[in-house]
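Chain lettering (A, B, C and D) follows the sequence in which the chains are written, and residue indices restart at 1 in each chain.
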Amino acid sequence: MEPIRYGMIGGGQGAFIGGVHRTAAAIAGNWRLVAGALSATPEKAMASGAEIGLPTERAYGSWSEMLEREAALPADRRIEAVAIVTPNHMHAPPAVAAMESGFDVIIDKPLADTLANAQAIADAAVRTGRRIAVTHTYTGYPLVKLARRLVAGGGFGAVRRVMVRYTQDWLSRAADLIDNKQAEWRVDPARSGDAGAFGDIGTHAANLVEFITGERIAAICAELTMLPGRHIDDDGAALFRLSGGGKGTLTASQVCVGDMNDLAIAVYCDEAGLHWRQEEPNTLTIKRRDRPDEVYHAGANRAYVPGDLLAIQRTPGGHPEGYLEAFANIYRAFGERLRGAPAGEDEPGYATMDDALAGMKFLRAALRSSRAGAVWVDI
Amino acid sequence: MEPIRYGMIGGGQGAFIGGVHRTAAAIAGNWRLVAGALSATPEKAMASGAEIGLPTERAYGSWSEMLEREAALPADRRIEAVAIVTPNHMHAPPAVAAMESGFDVIIDKPLADTLANAQAIADAAVRTGRRIAVTHTYTGYPLVKLARRLVAGGGFGAVRRVMVRYTQDWLSRAADLIDNKQAEWRVDPARSGDAGAFGDIGTHAANLVEFITGERIAAICAELTMLPGRHIDDDGAALFRLSGGGKGTLTASQVCVGDMNDLAIAVYCDEAGLHWRQEEPNTLTIKRRDRPDEVYHAGANRAYVPGDLLAIQRTPGGHPEGYLEAFANIYRAFGERLRGAPAGEDEPGYATMDDALAGMKFLRAALRSSRAGAVWVDI
Amino acid sequence: MEPIRYGMIGGGQGAFIGGVHRTAAAIAGNWRLVAGALSATPEKAMASGAEIGLPTERAYGSWSEMLEREAALPADRRIEAVAIVTPNHMHAPPAVAAMESGFDVIIDKPLADTLANAQAIADAAVRTGRRIAVTHTYTGYPLVKLARRLVAGGGFGAVRRVMVRYTQDWLSRAADLIDNKQAEWRVDPARSGDAGAFGDIGTHAANLVEFITGERIAAICAELTMLPGRHIDDDGAALFRLSGGGKGTLTASQVCVGDMNDLAIAVYCDEAGLHWRQEEPNTLTIKRRDRPDEVYHAGANRAYVPGDLLAIQRTPGGHPEGYLEAFANIYRAFGERLRGAPAGEDEPGYATMDDALAGMKFLRAALRSSRAGAVWVDI
Amino acid sequence: MEPIRYGMIGGGQGAFIGGVHRTAAAIAGNWRLVAGALSATPEKAMASGAEIGLPTERAYGSWSEMLEREAALPADRRIEAVAIVTPNHMHAPPAVAAMESGFDVIIDKPLADTLANAQAIADAAVRTGRRIAVTHTYTGYPLVKLARRLVAGGGFGAVRRVMVRYTQDWLSRAADLIDNKQAEWRVDPARSGDAGAFGDIGTHAANLVEFITGERIAAICAELTMLPGRHIDDDGAALFRLSGGGKGTLTASQVCVGDMNDLAIAVYCDEAGLHWRQEEPNTLTIKRRDRPDEVYHAGANRAYVPGDLLAIQRTPGGHPEGYLEAFANIYRAFGERLRGAPAGEDEPGYATMDDALAGMKFLRAALRSSRAGAVWVDI
């Protein structure tokens, strides 16, 4: 199968997530980076392109230039898709333009800075018939997919209670905003949207809840906070109600000292409880009352791992795969879909427009709830 | 030092917590059980007394009989204190009567079934000058005491966020209420009070938060639930605000399948995060940004454990002590205080009347919040 | 059931293990300490007796005095058994004398300082018909008993390989021998026997292997070492062969820095691997190829724990029991046997003379092997 | 920096490790696969080449053809290095020929099937002046490199004791040899060499010991075993002595049921103990007597990770990197060296010829020891 030729928008020197996307695509094996508009500053865009080995003529000075000139190339040479890895407020314009230029889109989460912009992307997708994948990375882990089958599949009965947390500490000090490209835009409402930590990582946590339970978060009561001197949330927690009647708590914080990237979820159903933690992603624990706790391993040499989940692992059990491989699984699945492979029975392998819009609505409801003094808001 | 002679009220055949109190007192070494009114049914009270080796003449048929007859014994023979281990609604009458008869009281938590009854106990204590200890067991663990010194002591800066959970699964099935003495009264409003899981274990979780942070829970927004057919909560969660400005989440459930007695807390301060889990009580983890995570061990051969915490451990490091030893530490501390030892600089070693009343107020606020649709209630 | 009246030999002021025995007996509930010869120095023996509340007339100045005077008391008052908690070289004389005086014996491990002395105890037991229990504490843990049923019971097939370790660090520094009563005799060949760490803790490790596998260690190739300036081993490791054909490694060290009391075992059989670690004694992990790892909990509310193992736990699941409770289980079982209860089908609940002699032979073989340059020695 | 153009020998359809090498090289980013002789069967070699996207003219039918024709290409087009991923007995011929054709070599471990063949490779390297890297993957983990600095750097004092194990279960059943390409050659003396598990994974364990301690294994007493019907070892254990005087145990087995790829090491020095386990490679634990255990994280946002180790991580702390990234680090370091970068002060970033020869000598000594009945053999 010929790799998908893609161009990247954003991800130049000093950026973090662009390199992650490129490595993920390389691990996936069915994508090939052939063009890029890696920075909004043309000189930096060119230099960044050279640094990662793009041919000069396809390291463009702006994304609009890239879309225009690539569209003019012969069909078997031009890019087929773009990967958008810019700050949130720069998602919608290139996404819409790319689709209108005939390109499919893979885009970092959250979908956009505002629900309106997210909706604009969604509308463009419908209008143009292009496909979109949103990189909610954590659903790329094989054991998260297994968790979904166990819970959303219904085998454990109804979902009663969920506890999810996503805690980091890289903004825990006032000084963390100084000279930190990652931090700077994330805490600036003009570039990140109205939400800080809840947009950056709270949406991941909410997506994980919805992915594993197969339900939507139907109502939320959230209280967001921030360190003195900051303008958008760097910390917050919420009670929530699931569409199926279960209840939950969600904490998202970038000021929880000592935690690096501590996304963890517990889902309690009528018959079993399920536990997963991103920092040790290769085990999944199922607890029941009348039998020993069961610890599943991601390893490809364990017969209990379904065949299609084996197929997205590259090494035998006990050879840990991590974040980049989970990310690669999203690229791989989207690439296969673009090449015509049928979606899995259960889920396509990446977050869809619907999933991403649900995340945007979750976020808007959380902000509204918090501004009103932490009252319940329906989604 | 002569052991404290005590009589037990409740804790007869089929009861659970009475045996725990007796074993804890035996491990503590400074208490001696000499009398008992172990059941509200005289025959059962007598049989229970015989079973645990009480002399016939001091196995009483009712607690009022015990109080009266013991008070009539010579001062060097009669009981000095009572341990009350009855269901919640039977706490206040014997506690008040015991104090009025001149006996000190150690009593299982929560202090009473209602705030009014709790207040009646408190009033009696003031009136009679007797001492009361409430067995919030989990503060008896040496590493919980160390956690308090680290957090409430202020060395980590202000408390930002707390996550506490206390989850069990022994009521997770409808059938769990049938033929289960432990379950029966706990889910009966007439005996347990208006609260179920939040009273039984939520108060432990709240007490742990207040003990470690040295603050009070100042406001709460709680949503309590229950399985179909039940009348009081078996599950719930809350957002809360601490008196010092920090925020938190609390989950208490007896229907979280797979969890046995999973009390766990994370406290995030300006400079460090602290993590402790009751099911592995002999480690305490401190995480900071600029140094490796630190794992403290309870062991008596680790120099970093303060001397007075070494003194409440019976074995060298690596010989795990558990729940019964934590419970014993509460008896030991109360016994020492009754024998005239000065309280520690920091905390007396057991939950006081004030702590217990705070727990009752927390509980009432949680119930009010939930009944009003999960709105914020100040405490 | 009337408690066993016992007297203690050794365990006075400054000693460690004597207090552990007394607390264990108190937790067990079916023993009562009524006499003691707690030190070889009469004044200290008396003072120690007073401190722990022995009546003056039964705090004896020497063990021979205790045996003689107790034997002269009426049958319903005198001690029925002695607990011997002296250093190793002082095990045999009181043990033999006690049995000859008509008392049963519970004795700390290893059985004696030399195989000859151990054999003398064994001979006396046969001659007098008295019973002996040796406190190999770690087999008192409920999950170790469960491990034995799973492995020695044969359900996992033949034992292929064992890895066992017992590492501590309390002798890791030269200075550790100065002013340390625990250390002093353990590293003195005249009091501890020829073996140091291998006698003190290596025998525990060997006992654990034999208990869980139901086999004997048949041959050993050991290399023991010690820090400069010491006279007996403080560290060593061995290859061994089991009577059933399996192989293993054993490490025992008191100079492994950072380890407190780290006894851990892995047993690999044809169909499953089993893992247990003393510092977290309430979980037992079973791993197989075609199903998730299984984590057993000791908790009394888990249906997979056999009824007789539930009966030796005092609290529901999730309320951790530890070293003292394991120790108590040994006292309890021996006490029940002395009161006429039949032994369990599988194992009596304490290490027998045979088990203890096997430990002594293991130890002698290890020493011989090491002295010959770490060659194989049959046991 | 222009990527290294390389050709792969072995690694065609059905092979495992070839794909790992290719993905690792892709993650490293400084290698480009441009040619291959992927199978000893020409048709399969061609088909395999097509499958992974090699241009037809550079998918060669044999390695000799590849070496000859690549050498004839212009210097700026031809391969610069070969990656050899064939079974052990097919390492030496292409390695020697490649070097003689002017190519550098990266080669899977162990270096060869016999010490003589390994020596032939070493001789060729000296003769031709070409460079060789051997992929002892596990030293590519950042925290293993940190472990080396802590231990071999001398900060913890002398090494006293090492425990290392490498256990798997994929050969635990007789049937595992049927229709299993991975297993087949590994248990065939003609293709794997005289050693089975000790060659396949025991050498990794030995390499890890030598890497972290900075010492060599100087003597060994090993007992290797195998299941009935097999011809080379699938399981074994050894005592060993380090060149610096420390002692150790090593277990390597492919029949330890339940273990997937369980390489774990503990190194005890005068002042600290160090613990690392490959299945959770992103934490490293250091234990000392007088301070809490320290858990290091690999994360790039932890200041205690040295800068050059940060540089070989692709994601911030808490985004787990795994086996493929460790493998990539080896490719990256070798590639940088081939481009003229100076070696690190401490270690080059990959196993050198010397390291690999040490491994071969370790292996030969282990086999000799075992055949002689598990006696000591100097290395």
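Observations on the structure shown:
Keep this in mind: a contact is a pair of C-beta atoms (placed from the backbone, for glycine too) under 8 Å apart; a residue touches a chain by one contact, two chains touch by 3 or more.
Model, not experiment: these values are computed from the prediction.
For the pairs B-D and A-D, the larger set of C-beta contacts lies at A-D.
Comparing the CA-atom centres of all chains against that of subunit B, the greatest distance is found for D. Each chain gets a centre from the mean of its Cα atoms; for subunit A and subunit D, those two points are 34 Å apart. One inter-chain figure worth recording: subunit A and subunit B are separated by 43 Å, centre to centre, where each centre is the mean of the chain's CA atoms.
With centres set at the average Cα position, the gap from subunit B to subunit D is 55 Å. Within subunit A, contacts with two or more other chains are made by residues 259, 286, 289, 293, 297, 302.
Within the complex, the subunit B residues that touch subunit A are 160-161, 163, 165, 167, 169, 172-173, 221, 223, 225, 235, 237-239, 247-249, 251, 253, 255-259, 266, 268-273, 286-289, 293, 373-376.
Note for the complex: subunit C touches subunit A at residues 286, 289-297, 302-304.
Subunit D makes touch with subunit A in their complex at residues 3, 16, 19-20, 23, 26-27, 29, 53, 168, 170, 259-262, 278-282, 297, 299, 301-302, 314-325.
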